[in-house]
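Would you mind keeping the following structure in view while I ask a few things?
A, B, C and D label the chains in the order they appear, each numbered from 1.
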């Protein structure tokens, strides 16, 4: 038979121990596990996904997105809005988005757009400090704020970006050689 | 504003616990009739968090629904994903490859540990402890959530499962990290139990409070730890042996009385069993594909996934009970009918039976011990 | 020092006035809970008057018993029975003129009696220190018998209360 | 050496003396008496809130560490300015009064609750010759004044017109009345031993050699101390006896409908009560300001804060009792134990010390064991959980 009151004392000892260990133990070993946020930051995990962003190569003009609208259609909460640009003279579709907006207030960070995009142009970002004071204006992000360079993409998610880059380079090489093959070689007279 | 209503002829105090109340676990309301501190009648009122989950799902391709199932029981999205993936796989006759199946079990069991930890923490808060058990639970949960973030990209809304597999393969380092967590967890459980299990105040408060007799539990369709605490041996991991659960050696802990204390302790023991499963799974996990070849094309084009006309019911032993997904396909990319059997909702039906005759303080802990998440209850 | 004594005197008279005002409140206020609070104030004021008369022990006991226990019980009962004390009660009825007449008669009678009675202030009484020890000795020695009788009454009350409370237990159902 | 020690001991007393001497030169006699009262009053008025402010910080820090957090550490070094920031916040917050509330009583309740909390400071002996008023009924005064606290709590709970407040108020009344009984009775042995109700005399009788003749080092003193401390925890509504506020059940109990400074006053009273109760526990059982080497006021504050830390430790560890168990604990467990404790202490007075040890320890142990046996509902059931396949 255990003495009445031992359970209570055991509990007191546990909390006393934790009080003491909080001064010298490491966080993963029973020490203080809170992170002092603005000064310290939690370890950034590569696969972390927050809101989507658009990738461009080199300069913002060279945008990968061709405004095909697949992400717009597949987005479960329908937070993407795309309008394709038309060529100034001809009025033909220019395979470039004139408008590309994502409503961050609506987006649920599921990553569907990233999965379905056939042109490797939309990916999930790491940036999570996206507060806004207005729900309808500031949280609807236009193309300009969504665009981020490929270098940034390589920096935050090297594991995803490097194979994509290799694939794209290989495709470009292939295209070049195909072009080279297609143009008839100059025949020597 | 304040009035006493007469109920069954006697004068009683009617109190609304919630929807704005610190311990109704979200936006839940209990309409309680009190005589002094004793509860004479109790009506649960729900629906404050209704988000039209089922109708949204019926208008989306099958793959897109996965992200919404995360939001059902937001403490263990991995288990929700598992159930939905099983249902769709049954409908379309796809099987997950071996490695993916192992990963699914690992994630589901980690989710179970997270869920039980949170439940016990918040139950203790309902009992009046000042956040200490919750924060100890958070300390350990944090480590598991880090794993979830590493494999799926998100800590709570994982969206990790796919039909015929999982979203992303798990690296050897991550597996090693899981192994480390599993190895270190028993020590934490010891500490946690030293703080709680034998505490006289906790025993006084929990033992013989909110007793749920086994026959009532079975008749009301209660599942999960609440049912097992009443002494009924019913665990879908054993009954259905879905996934790979028939390959692992684990036991089902059972309670006797079916009171709050049993419900608390059965969950502690379940965490220990989960650790056993995790150890075995981590030891045996093979190399290989993580996605069935049949399902691969649908990743890029979810709308091409059109299962044949038919119906399927996939169910798993979620940490809260039997979580079932019922799907009817009419051959289009969207399900024709989609229904969730939410354990939180069905376990809540016996709340009044357990509470009547107890004190106000007991109603709060009984509600806490059922383990409801309003996202799942209201959908 | 005389100035100080004047202050004390002023203080005591103010206190007396306040006690009277609160006492008036007890019988005239329409809300039962307010009446009870006024009564508590009267009791505290009386205790303070005792302090002014250098009867510290009596003051402390007055507060402990009347304010700490009896008033708490009274308020408790009001809250239990009157549904948050919302009901306001009528403080007068048709019999009030008659009551005023008879009461004023009693007041006149009492006042006459009080004024006629000599209140001898002896040197012995002024010098006697009402110390706790003396009180204790008196209670345990000279007045031991009445003291014990009161305790017997209290025990009888306790047993009676238990007997009344016990009836409502659900276990002992009358067939 | 001795002189320096004596000087440090009486530093505050002497400071006041110098002030009065200085004023005595150019002021009439009667004002000096008034000034003396005013100085004591101001010191107490400042000490009370100051103690309360830093107790909140201490509590948050200690509980933070218990829970493996830092606790407040942003405002000032180690969060030392946090109480001031809280105070500013409380002052600037909107004061919300429910539409149906009884406005006057709703306003009066938090004001009145602070008065007894401050008044009890009068008889707490903070150090040698540092009792504000050396009443010969000090202890009785303390118990009487602190029993008033129930009424403002009632006023607050009634005037709010909120059912949670009402339930909280009911619980407070029941709890305070119940715990006052064993608390008062647990003090009786101390009064018998020191043959006085004056707090100063009680401390004096605990001097002995090395200033360590504390009552807590006797069996009846230990039992009395534990009971008194548990009752003190219950009296100031702190966990595990915090039913009147029971956050998870009654939102905030009797002060559910209070905000801003009114809420802060309730809070202030609670913390000041915790401080004074710990101070009185120190005075009665832990030898008050008695102790070797250090100055008397340091001993007093050290012991008091140690007891307060234990209260905080309780808060960081325990779940809450239920209403009926709380009452049962007071009436069925603490009360009989105090009643047994009184004759044990009385016998101690007449019997030589060695013999007294020999009989009193077994008596108390057996009665403790018997009470546990009689209160079977307090003892946890042992359960075995089958593991099915």
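The criterion applied here is as follows: a contact is a pair of C-beta atoms (placed from the backbone, for glycine too) under 8 Å apart; a residue touches a chain by one contact, two chains touch by 3 or more.
If you're wondering where the values come from, they're calculated on a predicted model, not measured in any experiment.
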Inset, instruction - Specify the chain most distant from chain A by Cα centroid. - result: C
Legend entry - Chain pair with the greatest number of C-beta contact pairs: B-D
Legend entry - chain B and chain D: spacing of chain centres that average the CA atoms, whole Å: 44
Legend entry - chain A-chain B separation of Cα centroids, rounded to whole Å: 29
Inset, instruction - Go ahead and note the Å separation of the Cα centroids belonging to chain A and chain D. - result: 56
Inset, instruction - Round to the nearest whole Å and give the separation of the Cα centres of chain B and chain C. - result: 60
Legend entry - In chain C, residues with contacts to at least two other chains: 84
Inset, instruction - Give me the residues of chain A that touch two or more other chains. - result: 4, 7-8, 11, 14-15, 18, 30, 33
Inset, instruction - Find every residue in chain B that makes contact with two or more other chains and list them. - result: 2, 132, 136, 139, 195, 198-203
Inset, instruction - Provide the residue numbers of chain D that touch chain C in the complex, in ascending order. - result: 28-30, 33-34, 102, 105, 135-137, 140-141, 143-145, 147-148, 150-151, 154-155, 158, 161, 166, 169-170, 173, 176-177, 180, 195-197
Legend entry - Residues on chain A engaged by chain B in the complex (per definition of touch): 2, 4-8, 10-11, 13-15, 18, 28, 30, 33, 43, 45-49, 73-74, 76, 108-112, 115-116, 118, 124
Legend entry - Of chain B, residues touching chain A in the complex: 60-61, 63-68, 70-71, 132, 136, 138-139, 142-143, 146, 149-154, 157, 159, 168, 191, 194-203, 299-303
Legend entry - List of chain B residues in touch with chain D within their complex: 1-2, 13, 15, 21-23, 37, 124-132, 135-136, 139, 195, 198-205, 207, 233, 238, 251-257, 261-262, 265-266, 269, 273, 359-362, 364
Inset, instruction - Enumerate the contact residues on chain C facing chain D in the complex. - result: 1-4, 33-34, 37, 40, 44, 56-57, 59-61, 63-64, 67-69, 71-73, 75-76, 79-80, 84-85, 131-133
